[in-house]
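In the two assemblies presented below, subunit A is common to both, partnered first by subunit B and then by subunit C.
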Partner chain A sequence: MRLARTARWLRRLGAAAGTLLAASVLVFAATTLAPGDAAAARLGGRAGPQQIAQLRHSLGLDQPAWVRYGHWLWHALHGDLGTSYASGRPVSALIAERAGNSLLLGATAAALLVPLAIGLGLWAGMRAGRAADRLVSTATLALVSMPEFVIGTLLVLLFAVGLGWLPSVSVPSAGHSVLTQPQILVLPVLTLLSVSLAQNVRLVRAGVIAANASDAARTARLGGVPEHRVVLRWVLPAAVVPAVPVLARYLAYLLGGTLVAETLFGYPGLAAALVDATAARDVPVVQGVTLLVAAVTVTLNLLADLLAAALNPAARSLS
Partner chain B sequence: MLRTIGTAAGVVIGGGLLAACSGATARSPLGANTASASVPPSRGGRLRAAFAGSSGESTNVLQATGSAIDYVRARLIWDTIGEIDGSSTTWRLAESVEPNADATRWTVRVRDGVTFSNGRQLTAQDVLFSLRALASNPTTQSGVLGGLDPAKSTVRDAHTLELQLKGPDGFFDLVLAQSMFVFPDGTKDFAHAPGSGPFVLKSWTGGSSSLLVARKDYWGSAKGGPYLDEIELYSVSDAGARLNGVKAGQFDYAGGLTLATARAEEKNPALRILTAPKELWSDLSFTMNLGMAPFSKPEAVQALRLAIDRDAMVRSVTLGYGEVADDALGRHQTWYDTSLPPRAHDAEQARKLLSSAGLGGTNFSVRTSDYEYGTLESATAFVQQAHAAGMSVAVDKIPAADYYTDIKTLLRTPLQTNLYHAQPLPLQLSLYYGSKASYPFTGPSNATLDGLLTAMHAAVGDTKRASAVHDVQHYLYDHGGDAVFARIPPIAASTPAVHGIQPHGVFDYPCLRDAFLSS
Partner chain C sequence: MDKATPARGRGRLRAVVAAVVLVAAVLLALLGPLLAPHGTGEVLDMPYAPAGGSTPLGTDHLGADVLSRFLAGGRSLVLLSLAALAAAYVLGASAGMLAALRGGRIDPVVLRAADVLLSLPAFLLLSLTVVALGRGVAGVGAATAVVLLPEIVRVVRATTLQALQHDYVEAAVARGERTAYVLLREVLPNLAPVLAADAAVRFVGAVFVVSTAGFLGYGAQPPAADWGLMVLENRDGLSLQPLAVAVPAVGILVLLLAANLLVDAVFPAARRPRTRRRPVVVAADAVADAPVLRLRGLTVGADGPSGTRSVVESVDLELAPGRVLALVGPSGSGKTTLALAALGELRPGLALRQGEVHLAGLPVLGLTERALRRLRSRHAGYVPQDPRTSLAPTMRVAEHIGEFLRARSVPRAQRPERIRSALRAVRLPCDDAFLRRFPHQLSGGQRQRVALAAALAHRPDLLVLDEPTSALDPATAAALLADIKRLREDGGPAILLVAHDLAQVASAADEVAVLDAGRLVERGPVAEVLARPASATARRLVDAARMTALPGPREVANHADTPALVLRGLEARRGARRVLTAIDLSVDPGGCLSVVGPSGGGKTTLLRCLTGLHPDWSGDLRLAGAEVPHGLRGRSRDRLRMLQLVPQDPHDSLNPRHTVGRIIARPLGQYRPELDAEALRREVHRLLEQVGLAAEHADRRPEHLSGGQRQRVALARALAVEPAVLLCDEVTSALDAPTADTVIALLAGLRRELGVALVVVTHDLTVPARLGGQLAVLADGRIRESGPTDRMLSAPTDPVTAELLAAVPSLPMARPAPAGITKQP
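On to the complex of A and B.
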């Protein structure tokens, strides 16, 4: 039994590694097939064809694609992600800096998302149909139906341009980091929370309503179990388990760089780096960033499955 | 072309329309309150300015033209041989630049008393080393330095440089005013080359921000800046976010804004909407490849030119802020031939020309993209206009990032939009036309055009040079493949306290050397 379970998780790990390798091939192929290359992106329009050819040669772009990919993979497996075609700086340094920023933004949003989603969902679900529930439901429905950039723009207009309380652009000043200027995180975090929180509150609320009406909860109440114990023992786990995979996906999204928030606020995160690198045909950076995001996503999904199995004895024994 | 960050340079009238220019008295074409009377410079303070940047930024002086913010920063750290102001050159580290009789050899006198930020004296050897590095590495400057023979160029004495060209070029002075940054002889680490400019880089985070501190020992401070103590540059990709930063009090200046911004904010008293002098406006064109059907027939070219309603383009595409162009680049530069007649809008004549050439009912496709404001808008507006001339035009929209990088397709497209950033006309004409052109969008050249371009480069002295440029312009007006139809102003915004920011050839990546903040 234990052995079978270990084998199953090893298979999952193998599949995860295969997914990462496949992702790197796909991303490399896509960036290579796109028109133009890093040399043309950097010099196109001004320098002549000879200079572009010279840069192409010095970047090694005149080698066949499979040689370039093999070269990249060999070094990546040894922990070297190469240097950026655009800036000439090590990819790992850029990723470390940007991933740190994205992690900070994502983790802050996530740290608020999980308790708020569960708390608000539980609160509203336990009061299904009453005024408090209707308020939460209406508010989340409104937020869900509004695109992130609309919410972000409204927040900027209100809190930055209008009231002047917060910076509208979330770029750290020279010599500062996001940690020493935490105020730049407020608006991006609020923007990220608005959509992901609304989705998850609705999910948890629906689970709570179903679990609350379940036979188990009813029996427990009839048996005289105190209400708070009913909620903790029967309602909450049953409501949260189906929400875990969705929450995990949101966490992956929050941690993997959040394009809209980064564009809107100019926040120097991973997603912005990926967009810049794609436009610049900066293959090493594109490869490095996508690999990291893919790894985070795969890991979080694995963890979510583990957690779901731990929380749900049925899934554990049946599968 | 296009986004041309490069060494690009246009021309600026003294004082200019920039509010910030001291002594500016001209009224802005935008009707904004941009022209304050000359404000005496005040010293001290920190200017916070936002420009477009990316995670691919670099402090490497050989990559200084890679993004707007890299360029603005480089202009503060490294002084150049010279700049363009009002169609002519203003020498900075050069004292004088003179050609020999046939313009095959140029003598550069290097300014005395200039030091690098590490205290070392700047000599002719440093200037030669810098030119060689810019010419032999894949830099944007190398595109215009192709005529220089770096090996045969020599240093005559500590302050004199002899530049040998591969052939005659009477316009090499304009080349030397194209962002030829000067760094010390023997520099190996180009990302940390000591500066010759008014500011030194104190801290830098690529894609975020940087802090520059004024040099106390800058050679030019007797006659101008630096007035500020510090400049902080912010890298913000989104134009809307840059504008919001100024409106929220986070920045003092934001470059690279949209025309729509000008319209929305021109009455905002807390904001000053800035534009460039007209020589630095960009030219919008429908570029026809004369080597490809149907534009291999001159009637098709003429018909397309006549089918454009240029006044309507100025109203709709430039939101009324721009002006009409008449199938020639570079209006308002002193090189521009003002005798070129306006191009009429004559849909009926266009229709007749097409049917006379057997091209009635031909389907046209215009390749375009929204990489900058104006191109996609023009193509879309043209569909209706062309319809009136019996032409059926389809818009072929390409993703912005693919448009730039796909140079092969750019040179093999029958019809496409182009946004030509301002550059001194003689350099611009050589870049886009003739068999030596790097970007011959209008297709292969011919002996007549090549002869005119060769004559243009052989011309020495201002009268001969101007008339040789006019000859090329006349030829292109009659037989070229560009239908240049409108001119579009670049936009920036600042708080009313900002003064002294000047384009010195490039409005979108301006020179902050003489900037100051009024209290």
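On to the complex of A and C.
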């Protein structure tokens, strides 16, 4: 029994490693597939063929793709992600500088997402069909219909341009950490939260409604179990367990995919670096950032599986 | 409840409004470029000029007209989203269907590929694809398709797998239809609505991704107009000219909101209107010696599409302490509504019209939420119908029962002992290991007993059991009823036992109350109602009870030289597990062989081996003396014709998209291609009449037929090709007793008239008892015992047979009392 469980988790771990490896091939293939020549791009339009060939050789671009992939992966595993074409700085240094900011933004949003999604979903679900629920349902439906850049823009229009309460850009002053100016985090966090919160509230609400109407909850009520115990022991676990994998995907998204929020507010995070690098075709930066985000996502999904299994007894003993 | 109809009307109104807005938004986006007063790149004024003059919405960061750019900027968004969606759907649906159909090596490869794409957040995939293909419309279109692809693959694969499991698909495969026919005619029509709904949701996703790509500057490049791009370009002038940003943002918003509202209105999520109770009375202390339950003139109404109707009408009922009252009636007669009303519960959509309910002497209706809870926790217990859903999956056995004790304010220290004694009372183990089990680690019967233990743990005065045995197999149900009998003898609570099958509950109850269309039509001691049912409803129930309880076999010996079907030494595996061992069977032409056994004994696998759906077995199968290959693919048309399957579930054995006529005509056309349209129609009518249906049924769809009628259509379909052997898989298990009896009579008649041999698989011993012929008992993958049905039923030698026999309900006074004898006063 215990042995089987360990074997199962080892298999799951192996699958996650395989996924990550496949993702790395995908990242590498997509970035080297890019039309145009990296060496030519780097030297600008006036370089002669001689110079380009020389640079190609020194960059290793004249080697077959799978050799370059092997080199790249080997170095990446040792923390060396190459140097940025645009700035000439090591990619790992850029990531180290930006990752903290992204993590701060994502973690703040994530810390708010989980309790708010479960709380609001439960609150609305237990009042299904009443005015409070209709309000939450309509608001979340409106929110899931707005791409983040639209919501972010509207927030800026309201809180920065209109009311003047908060800054419209979130660039920390030179030499200062983001933590010294927490007010610049407010609008990016709200933007990040909007869509993911709306989606998850809807999910939890639907689960609560189903669990609340279930035979099991009715039996408990007909047996005189007090309402708060019915909610705590019957409704909540049944509603939250199926939401866990989805919540985890959104956490991964918050920690890795804050592309829009960072771009919109000029926040110095990883995703903003990725957008700049995509525009400039700065291949090493794109590779490094995507690989890191893929690793974070795969890890979080693995943790979500573990958590879902811990919460759901039926899945725990299923082979 | 007056809310039901307006709510539905409001939903439809909302759907219409959303559809109109969506069509208008899409039309505006598509035709907008034609309406634009100025060119998209034409500079008319200074940058960020306010609205007025020739620029009704002002100018943008270059001084171009915002209105013109807005009108021109929607087309690329809508077209690109649709193109990406179409591409992703063609690719994803092909991959998903292929994976589901072929399985084998393709399935895991497709799934893994989808997993890899899913492991990268959407906007990361977007950036990667744009790096690979370059900025611009093509790159964004491809990127959007890549983002949508993995989810589509998964949805299509899952839906296809589900569609392939239907009995009608298996029936088509088993009669040798080609894969293309199965896919196009049986699978795809039922897939289409699901995929349409999914595509609508994905369209919203596509617009999301495309517009965001525009905002990130990945898509259309200036001076082209694009709503997402406009938000990016004009952001810096937000305080000077907010319209330049707000107008395209609202355009995107309206498009997406309308699409979402439409999806939401057409595929609504579950809504549960709550019934509000007005606080009137607060519970006082119980009055001793009164009936535990007293209903007076109880009338419960429901609002239907055609006005209000009564679900329960003027019912008077009393139940004395310790007595067992069986509440029986056909489905839809209001039994469950009445039983729940006894506990003060009305399901959504139902309302109390008049009458009163007293539980332990206290009024139940009109109590506050809190008072009602106290009343229930002291006096009532409830066990629902379906053991699969009656326990919360996340609570252990001890936790579950403990919650009910906690509700009764039993101190924590006393709970473990009370839990154990409750489990002992329902004959469950009460060791620590059992206490720690979760519902999924229990059998159906055990779950039902845990629910019963929880209801009994706080020693209620009234126990309501809502069809507690209908979801259990006969042996488990019989054991549970025996326990209910024991509870009564040990001085347990008064029990209200809801049932649709009189035979099952007759031995456990003191009294019977018969309900029909919400009215109480008969009430009296069990023996008396059984002997002299006064009402028509009661007579029907008693007749059905006699059928299920009284086997009356009649055997016609029919010995031929070559058996219709012989099976020797069958051994079957599922993966590494051996599920069937050394099975020998034989049935004569026109003979009947019943294979009986408990669930999980290998009955279904045996049938799948015989039909060739499960090819992984060894042994020797002969039809009319000729050897038959194991798998479907090796079998000739004639061999396939000789063996026809009648699937178990009549609700799943007919394709809902086809008419009855078409369902029966298909095998006819397949095996008798010489028939023209007119002859085909006549054949269909003849077959329908043969199974006791009329010609007019040919034009109906399965949804308009009852369960019994569907089963007859499935029989007609199997008979169409004139088989030598009919394989019947639990053909009666989904039918109520009177209907099951007519289907069994039909089978016996077909066997007599057409000389077709029957192989009947069932868990119900009353089926072979009425069909006669040979009987084989299958348990744990082996034939435990076989021989003539008569002998085996009268003198079973194997304990499994004896156990199955014991599960057949018996009536305390089954035969009608002889005429002339009246009851003594």
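Criterion: the second predicted complex is superposed on the first by the 286 of 319 C-alpha atoms of A that agree within 3 Å, B and C clash if a C-alpha of one lies under 4 Å from a C-alpha of the other, contacts with A are read in each partner's own complex, and residues count from 1 in each chain.
Note that in this section contacts are C-beta pairs under 8 Å (C-beta built on N, C-alpha and C of every residue); 3 or more make two chains touch, one makes a residue touch a chain.
This one's a predicted model, so the numbers in the text were calculated from it and none came from an experiment.
When the two complexes are overlaid on their common chain A, residue A:311 makes contact with subunit C while staying clear of subunit B. When both complexes are overlaid on chain A, the residue A:161 reaches subunit B and subunit C alike.
In the superposed model, A:131 makes contact with neither subunit B nor subunit C. In the superposition on chain A, A:77 makes contact with neither subunit B nor subunit C.
For subunit A, the partner touching the most residues, choosing from subunit B and subunit C, is C. Judged by the touch definition given at the top, the superposed model places A:88 against subunit B, while subunit C stays out of reach. Residues 34-35, 156, 161, 168, 263-264, 275, 278-279, 281 of subunit A lie in contact with subunit B in one complex and with subunit C in the other.
Contact residues of subunit C toward subunit A in the complex are 112-113, 115-117, 119-124, 127-135, 204, 208, 211-212, 215-218, 228, 231-232, 235, 238-239, 242, 245-246, 249, 252-253, 256-257, 259-261, 264, 269-274, 340, 343, 345, 369, 373-378, 380-386, 389-395, 399, 403-404, 406-408, 438-441, 451, 454-455, 458, 464. Residues of subunit B that touch subunit A in their complex: 1-8, 50, 54-58, 60, 63, 65-66, 137-140, 142-143, 146, 191, 202-211, 232-238, 241-242, 244-245, 247-251, 400-402, 404-407, 409, 431, 438-439. Within the complex, the subunit A residues that touch subunit C are 18-20, 22-23, 26-27, 29-31, 33-35, 128-130, 141-142, 144-150, 153-154, 156-157, 161, 168, 202, 206, 209-210, 212-227, 229, 233-234, 237-238, 241, 252-253, 256-257, 259-260, 263-264, 271, 274-275, 278-279, 281, 283, 286, 290, 293-294, 297-298, 301, 311-314, 317. Residues 34-37, 39-52, 54-55, 58, 84-89, 94, 97-98, 156, 160-161, 164, 167-169, 171-175, 263-266, 268, 272-273, 275-282, 285 of subunit A are the ones touching subunit B in the complex.
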